[in-house]
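Encoded as structure tokens, the structure appears first; notes follow it.
For reference, chains read A, B, C and D in written order, and residue numbers begin at 1 within each chain.
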Amino acid sequence: MIIILKENADAAQFDALKDWLTKQNVTLHISEGIQQTIIGLIGDTSHIDLDIIKQFDIVDDVKRIQEPFKNANRKFHPLDTVVQVGSGGVKVGGGGFAVIAGPCSVESEEQIIGIAEAVKKSGANMLRGGAFKPRTSPYSFQGLRAEGLKLLLKAKKATGLPIVTELMDLSQLDLFADVDVIQIGARNMQNFELLKQIGKCDKPILLKRGLANTYQELLMSAEYIMASGNQNVILCERGIRTFETYTRNTLDISAIPALKTLSHLPVIIDPSHAAGIARFVAPLSLAAAAAGADGIIVEVHNNPSCALCDGAQSITPPVFDDLMEKIRHILPFRCQIKA
Amino acid sequence: MIIILKENADAAQFDALKDWLTKQNVTLHISEGIQQTIIGLIGDTSHIDLDIIKQFDIVDDVKRIQEPFKNANRKFHPLDTVVQVGSGGVKVGGGGFAVIAGPCSVESEEQIIGIAEAVKKSGANMLRGGAFKPRTSPYSFQGLRAEGLKLLLKAKKATGLPIVTELMDLSQLDLFADVDVIQIGARNMQNFELLKQIGKCDKPILLKRGLANTYQELLMSAEYIMASGNQNVILCERGIRTFETYTRNTLDISAIPALKTLSHLPVIIDPSHAAGIARFVAPLSLAAAAAGADGIIVEVHNNPSCALCDGAQSITPPVFDDLMEKIRHILPFRCQIKA
Amino acid sequence: MIIILKENADAAQFDALKDWLTKQNVTLHISEGIQQTIIGLIGDTSHIDLDIIKQFDIVDDVKRIQEPFKNANRKFHPLDTVVQVGSGGVKVGGGGFAVIAGPCSVESEEQIIGIAEAVKKSGANMLRGGAFKPRTSPYSFQGLRAEGLKLLLKAKKATGLPIVTELMDLSQLDLFADVDVIQIGARNMQNFELLKQIGKCDKPILLKRGLANTYQELLMSAEYIMASGNQNVILCERGIRTFETYTRNTLDISAIPALKTLSHLPVIIDPSHAAGIARFVAPLSLAAAAAGADGIIVEVHNNPSCALCDGAQSITPPVFDDLMEKIRHILPFRCQIKA
Amino acid sequence: MIIILKENADAAQFDALKDWLTKQNVTLHISEGIQQTIIGLIGDTSHIDLDIIKQFDIVDDVKRIQEPFKNANRKFHPLDTVVQVGSGGVKVGGGGFAVIAGPCSVESEEQIIGIAEAVKKSGANMLRGGAFKPRTSPYSFQGLRAEGLKLLLKAKKATGLPIVTELMDLSQLDLFADVDVIQIGARNMQNFELLKQIGKCDKPILLKRGLANTYQELLMSAEYIMASGNQNVILCERGIRTFETYTRNTLDISAIPALKTLSHLPVIIDPSHAAGIARFVAPLSLAAAAAGADGIIVEVHNNPSCALCDGAQSITPPVFDDLMEKIRHILPFRCQIKA
């Protein structure tokens, strides 16, 4: 961390600042220029609150050099984290390509088992399906909730696919005992109380990037989970909000090399929510595979015209099957991002 | 709502669509052009899920004409809502100008009572102060929490000022029994489970706009609260995320006329979090007053250099006093937005 | 186009509006509902100015159904445009994959010929190089200008590669007589006087998307060129400006399926300027190839540490060679977007 | 400027970097930490190209401390610049409040003189009106062009108001000999060739901020003009592009204190283009006055329903008159931003 002082900084305040900094367990390296004095902090600065330093009147600017996240930082953990999912040997990260597929919402036993069987046959290794649904409008379908979770577990039993589903509030946590991967949605990425609590369980967490959150903020949210003890975090880029409204959001494909440079955690892509357009799912999935993602999470529905939500962005099982075939051909030639 | 069909739409699918629409309690008005058929829906469409309509293969596009919010909509409630705060006659909306002031975080009894007395003397009519603090980093100060709430209540007792403080999670709700206004922070604006629950209490809710949320999404979140029974919602613009990084966020001053055109709910401005720069608080507060806001929520700290968080954006009591003086002169000439 | 009138619209004004609309050579289809009247315009509305309609007091809202671009619209030209470059048979669009490579700036004869030979050997089929450089600061290197163009032509002669370079102002046009593809940079995408003039020549134009421009605006700028007579337009996505600052801009990979759905023009990707980080060039290029782009334009420099501008985003010839090898393997399995 | 080196930086490269830096006429201050070496540059760094430094392999990051603009920088010119307009004593900056009003487009002699007389009577001190119009669509009205300029000059003669109008291309410059203030539109803010040339004349330049440009980029564009010799630059905030689409753009009201902190140049606000909604013009204008702007540029039209472009955002002379009355009351109590 570098602190730039204002010109002609008051000596007493300078002493007060040095005093405060020394208490933070860092070593100070002071460069007194003719016009400006610069303080370099040497040591671990991840715990230091930038805002407090800015409050000192004599401080002109503060710039971090070291990232403020530690558990999630590749600098301290150069090797890729490989997240183990369920008991059947499914892994995310470390060179493989995880494919999580399924409907936006669980609608019925027949629907979820039917889709689970179809996507498994095409090569998916996890099943997704929403039971608790975050919807912009209170008048929209809110998911089958507890009943939806039961149907997901039936589909897991029928196919052996581990299940991934979204937790919206801590009060629902007990219901998630047999869920394999807990998804934290984009709108909850900075629900810090929730992050702290799920950090106390040992299930893999699929953490989606918020619509207007930076890579660093996503990694700080992962840090909340990891600092509470749970190291099994899978990062997910699902589109950010920009001025372009033709697509629902803008898939930030650079998040793949960026997050994998900054962190050792696996990174997957959600092309369905990013675009909101079914025919864009295949090109964006292939782009993700080629760019080095550790997997994708894709909405597949046997009858998109009847889906209770987000049908417009779901692909059909035959389209998914064709996509999987192309992905298999691309994977050997994709980019691999390492430390 | 207007539905535009694809060219040469299949007749059977057209019938299926008409059938589904009729069940939604709306009347259809069909215009069959040479190339394109357009369906107009007449009646209340606020409960109709746009996404489901888009799933029909024959649908090219759907456009809302009526807004999807109802309780919050000025069209159905032309008169300004006036929110009553506490039992001392403080009001928000309807022509007055509410001033909520206080420190970012509650730090000690002496601090919070001292600031409360100072801001009251300058003309503030509510006290703010954070007990539970949402912080990007797990390593930053998280607030005094339950202890902070107790200190706020002491300051309320000492000064008579109603108190406004943030609720981060439903598990904290019982502690908020004596709080006058519950604040829902920007990061929780779309925490729908939380919105539903606080909609069941009858306290005023100060709902902050999310960093990347549209006016309509803010009003849909207000709708969640109102649909659960609580009509006492105060909207708050606190800056949105843009490409400009000189200020922490970009204060969207147009939110004042926009929200007051769309809704009857009061609209206040938070200049402190929007800019993140103490010397911008006065110009932005004056702008808010001139543009017709129903109030402001401002961070005031007796010793910004020692504040435990966000000191860089807090103004001192003398600066606040000067600001209040200017506001009083501007108010008679400000803009009034009506239906 | 659909026009939604305000409730209880004045009859005289309604007549005036109908009168004005009829003069625009469109047929009106009027649906008078109980509360609201809707006018549908049937026929070619691309020439109708939305803003003029909004000026009529009785108009509540106007929504386009038909896109406002015509020459660039795939609906009217379903087949892919194939742009012929130079006289050597190089093509962009229609199923191939064009690779334009070279340094950010032309620096010397040795440099440009050396790089041209290297990229040709690896499989590039066009040479890029900046002679006139748009720089944010007046104090930064502005390019070798006319001298740079001469060196590019020498490299063309030496290698046979057609050359692509940026035109910044009409006053430079005469110097571009032997340039094969004229590039219009992102900052000039809406320099409408420039677009009109280059629309009068018949050279291929590489039109870069502005940093904050929508797909529709990019296509409207293409329309300016095409309406002036030049149909040889190549669209280029080069990153948009978002809140994320880790990368210089955010590559909008969805622009590939989106632009190819909306238009018949070829679409290429510039991963170098989008990310501004050399090690992201390969993953983004592979993503572009997989998602169905018609080509890429990549910065390659034999000695990035000495480049006079943008060295930080240039890859070396060996990295480029390895990238080309991977692209060749991916192309057979990529996505193909058709009408 | 601070340069942070990678860990274990190669000694030969370190020497090469020091060598290059020394040639830039700055003094180096090197802090060798245990893990990381930091180089501080002391002296004028505004001419140093950040990108070149980033090219050195051993460089991890570079951060500017000093702003890269010099002529426009308040640090070097603490006193407000006051721009003299025309020969009649109109001034912009330095404590006054300039009001530029008039129609979006010049349409006829009667229209422009009529509006000029009306706005003068209400207190405007300059007349605006578009002759050359930048339009997104080639099929939209492009302005009366040379003929429009003639009509503006007639209105100037009739009322004595100095005129402000937009220059789109250098080829039009000769026609602007009698124009008082040349406007450079948002889309040309980074048309660097144009900036260089208009920097050679001595007329006041009204420079509008681009839709996606930062404060620093706006000031760098002012720097282009000033470095060419013309110090009479008026900055104009006219809304930036964000995710919110209810308003055409988002007025960044914080640009007033921000630009006036960074620069000594006057700052005015364009509420008409920012919002694109006529009824928002008054609240945004009052906000601008209260926040300390040096003036506003407002669209006023005697018959907005017939305006050939942008009528939807024009206010009528009576609304303008009422606005001017309110502004006069607010000005004595507004914020004044000083160095």
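Just a few scattered comments:
By definition in this document, contacts are C-beta pairs under 8 Å (C-beta built on N, C-alpha and C of every residue); 3 or more make two chains touch, one makes a residue touch a chain.
Predicted model only: the values in this text are computed from it and were never measured.
A turn of 180° superposes the CA atoms of chain A on those of chain C, with the angle given to the nearest 5. Set side by side, the interfaces B-D and B-C show unequal numbers of C-beta pairs in contact, with more at B-D.
Chain B and chain D have Cα centroids lying 32 Å from one another. Between the Cα centres of chain A and chain B there is a gap of 27 Å.
Averaging Cα coordinates per chain places chain B and chain C 39 Å apart.
Chain D has residues 212, 241-243, 245 in contact with two or more other chains. Taken pairwise by the contact criterion, the protein chains are fully connected, each one touching every other. Within the complex formed with chain A, the chain C residues making contact are 212, 214-216, 240, 242-247, 250-254, 256-258, 261, 274-275, 277, 279-280, 282-284, 286-292, 326, 329-330, 332-335, 337. Chain A meets chain D in the complex at residues 2, 4, 29, 31, 33-36, 38, 40, 42, 60-61, 63, 65, 212, 241-243, 245.
Against chain B, the residues of chain A that register as touching in their complex are 46-47, 49, 51-52, 54-57, 68-69, 134-142, 168-171, 187-188, 190-194, 196, 210-212, 217, 220, 223-224, 227-228, 241, 304-312.
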